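Read through the structures below before going on.
Two complexes, one shared chain (chain A), two partners (chain B, chain C).
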Partner chain A sequence: MSKLRQNLVENDSDLDTPRVPDGLDYVVFTKKRDDLPHKFAGFINAPDDVLGLAYAREHYGQDEECVSIWLIPTEHIGGRSISFRADSSSRETRPFEVFVQANEGGVHLHQGQVHAASADEALKCAGDTIDGASAGHSVWAIDRATIVATEPDDLIWRHVSQDYRLARGYSRDVREKWERIRAVEDVDRYQAEDLKETF
Partner chain B sequence: MTQSMTTIPDHLKPALLDLLLAIADDKLLLGHLNSDWTGLAPILEEDIAFSALAQDDIAHAQAIYEFAAEMMNTTADALAFGRQPEEYRCAVIVESHDDFNWANALVRVFFCDHYNVLRYERLAQSSHKPLADLAKRLLAEQRVHTEHIDRWMVRLGQGTRESHDRMQQALTDIAPVATWLFEPFDGLKSLIDSGLYPGSDFSMYDAWNEAIDSVIRDAGLTVSFEIGEPDVHGGRRGVHTQHFTTILDELCEVYRIEPSATW
Partner chain C sequence: MSGSSNVGIDVDGPEVEDPEKMAEFQAKIDAGHLIEVDDWMPAAYRDAMLRMAEHHANSEIVGALPEGEWITRAPSLKRKLALTAKVQDEVGHGQMLYRVSQDLGKTRDAMLRDLITGKTKYHNCFNYPCPEWSDVCMIAWLIDGAAIMNQGSLAEGAYGPYVRTMKRINMEEAFHFKHGEDMVLTLMSGTAKQREMAQNAFDRWWGPSLMFFGPPDKPNAEQLPPMRWRMKIVKNDELRQRFVDRFAPAALDMGIKINVVTKDENGFVTSTKPDENLQLNEDTGHWEFTQPDWDEFFKVIRGNGPCNRQRLALRRMSYEQGHWVRQAILSGASSLPPAA
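This part shows the complex of A and B:
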């Protein structure tokens, strides 16, 4: 943190700060390779679809290379969907993507697609046609049109090594450095005494 | 069509070093200054993304310093932190703090990132294959940066009256220094002729202008540029402002105390 930043006098208390309206919540699914299904990766909150996709790429895409990212607005998940179509004679079906969480605590995996006129019908259809859906702990059937997706030819990855972002090998590396200038027994004794003093 | 080079000829090394340092120094300074925004950006996710972009800039600087260090038989750290102010090759646009003005921060990234895309595009055609390969990798990531910053330019330009006015003010304030990115330096011609850095500065400036203009128009903003005097020396030839020395002192503080320190 620069000295300028350290000395920055911030605005008045939180109470005076105008509240920024909450963005939209999305569930993020990433597809690591062409032969793997989309897998639940996490959540993102963003003002809209465009920024949501940008942030999802940053958060979930670039740390683990992937070939596709899907964003699902959370408003489409959970509870029974309400069909506004009073006209039940409309048999126009549309594609619904089906995600199944096999066991409690597991992750949702994309298992396939069904065609239905409503989410309820899609769920029923999924139970019949998609592996694991009837026995699954949680099943989501999401209207394909509501899914925000990356372009098919858009590969998401990092090009420059990001190792410096990781705090790896600290205790091993520091120990090695000590042992270069002190005998092993001395380092052991120091560590033991250090712990005694601290605790 | 120049033949491909497996090693850099000695007589071209000083000029190539100047070019590589120009890119890496720009990125090191920009990444360093933008890191100050961690915790202060307007929304949480943007804070994370902006900090990640700053880290990317430093990662790019590191990759280029390492390439130059191998060529000059030194270390990346020595290049990044061990030079005197007049040996740095960054442009004036990255030499001052943005005073935590989000519009200023965005506009600076906007001008610099589009310029970097063009520099990498030229290097990706280099007659020296390892250099071309490095540039291609960095170019892909650089384009992700410009996509991100373009979205913000349009979003705020088209946003509210306040966001439009603040973005317009930032453009007007920073445009005068932006063109110094294009300051030529000695040896540039030899790099172009040898195919190490093919292309022309004139068409690069035109391409930059076009890219900038297209986003500015979408954002409903305006900007105009003036090219500086070619005889006046600026950052590319080692002439820096007092602000730069202050920032450099802070950036190099630890290295200057103990150059051989490791983490």
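This part shows the complex of A and C:
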């Protein structure tokens, strides 16, 4: 055990360390391949956009290689949207990316882009023009300008095989070891139940 | 790595909810719909889901600590890599779960601090010591195995953000479990010394694994809020039985003996004897077994357990020492770490 761990002071008093504000929250979308849409991957919390992208590359480019990452500040999503003050005198439209969650419990997929003067208008437009939007369980229309993205030619990839940190990296070894102990049909039956029931 | 759907819920709390809204809320759950973060929910539900997600997040973070102790002492480079990846996963799971709690109304910083000062708790099993490498192996096999079963059940719950997080966590948990299985099989196929280490670690961790799913259910569990609101989906005893049905024969086939043990106040085994109840009931198809020591369970919960202070001291040190980093990032100024 390291000296550090051996010499820790145990106490449950209040912390002297000052509090710090929470960072910003972003929703993360990743695009696995060029021919696939951006798909909801999770969230990241970071002090700013630059670090947010850095953390997202590390966390979400991990077991899922991808060619593009989008971060969207959570304040622009769902019921907590800031409603963009629709400047009614201006008919200037701007691009909105449309994300559709087809069924309850599913994940949002990027389905396309519309041009509109406000988020509300974009949603309406999406309902008319984007596949699946009107029937979708949940639709988000996000101003393109608020999306923090990796550069198109950024490589988000792994230097080494990731098998050491994936179940598939151990399946064969485990199987071989079991077969030295149990009959093959018992191993088959055991592995047939293996974790699949939990997913 | 471990959600506890055993949070107490004070349904008759000070807030009296609109009966019509409550009925609608219940109907939504009964129909199998998911509750999302912006939906109406009774205060008791919001509070309970927040505490459940926070407890789970705390458990992931603290669960990484005993394993962190062993990264530098793992027996091979391959095991070091895998263990480092596991620890990284656990902390990531903690982040995801703090996120769920944040949306229910508490800041991350408050949650990190409440864990350190002992105001909030984490899963019981991480209060037990890990004196040997074989403990790391057993935890990955037994505890992560139990967690996958538990989380798989929680993934059928009603609160959308938490359900989605369970699914994601279980993807990574599969690696932890498979790797754990590989490590235990390696020990049990090895030298006499390795097999002895494995047996001793199993004696330390079989009890905590059985206790992982929570105490025996109250007879009216299905009528209580956690199950009515689909926060808990399967009863503790049923999950526990599933666990034994899968792991008891696997352990026995490997040559591990399943014992009933007594422990001292430091969490070390003081005596073992074979579990005489352990056998397959041909009629029911289930394995019978001796219940773990529930007195010990409640004593550990009340008194916090052998390693609690040590674990929290490490978290405190890490938080305090990390302050300059947080300050530097937020203020944008360059700064130096405090002198060692």
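Here is the rule we go by: the second predicted complex is superposed on the first by the 139 of 199 C-alpha atoms of A that agree within 3 Å, B and C clash if a C-alpha of one lies under 4 Å from a C-alpha of the other, contacts with A are read in each partner's own complex, and residues count from 1 in each chain.
Keep in mind that, in the parts below, a residue touches a chain if its C-beta (ideal position, glycine included) is under 8 Å from a C-beta of that chain, and two chains touch if they have at least 3 such contacts.
Remember, it's a predicted structure, so these values are computed and weren't measured experimentally.
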(Q) Just checking: does A:50 make contact with chain B only, chain C only, both, or neither of them? Give me first, second, both or neither. (A) first
Q: State whether chain B or chain C is in contact with more residues of chain A in the superposed arrangement.
A: C
Q. Is A:59 touching the first partner chain B, the second partner chain C, both, or neither of them?
A. both
Q | First (chain B), second (chain C), both or neither touched by A:182 | A | second
Q: Check the residue A:8 against both partner chains and state whether it touches chain B (first), chain C (second), both, or neither.
A: both
Q.
Residues of chain A that sit at the chain B interface in one complex and at the chain C interface in the other, please.
A. 1-2, 4-5, 8, 20, 23, 45, 47, 51, 59, 164-165
Q. Quick one: in the complex, what on chain B touches chain A?
A. 36, 38, 40, 42-46, 48-49, 52, 55-56, 59-60, 62-63, 97, 100, 137-138, 140-141, 144, 147-148, 151, 155, 250
Q | Parts of chain A lying in touch with chain B, wherever the complex brings them together | A | 1-5, 8, 20, 23, 44-47, 50-51, 54-55, 57-59, 158-162, 164-165
Q: Can you check the complex and tell me which residues of chain A touch chain C?
A: 1-2, 4-5, 8-23, 25, 42-43, 45, 47, 51, 59, 63, 78-80, 104-105, 107, 164-167, 169-171, 173-174, 177-178, 180-182, 186, 190, 193, 195, 197-199
Q | Touching residues on chain C, where the partner in the complex is chain A | A | 33-34, 36-38, 69, 72, 78, 81-82, 85-86, 89, 92, 95-96, 99, 102, 107-110, 113, 116-118, 148-149, 151-152, 155, 160, 163-164, 167-168, 170-172, 174-175, 177-179, 181-182, 185-186, 189, 246, 250, 253-255, 309-310, 312-314, 316-317, 319-320, 323, 326-327, 329-330
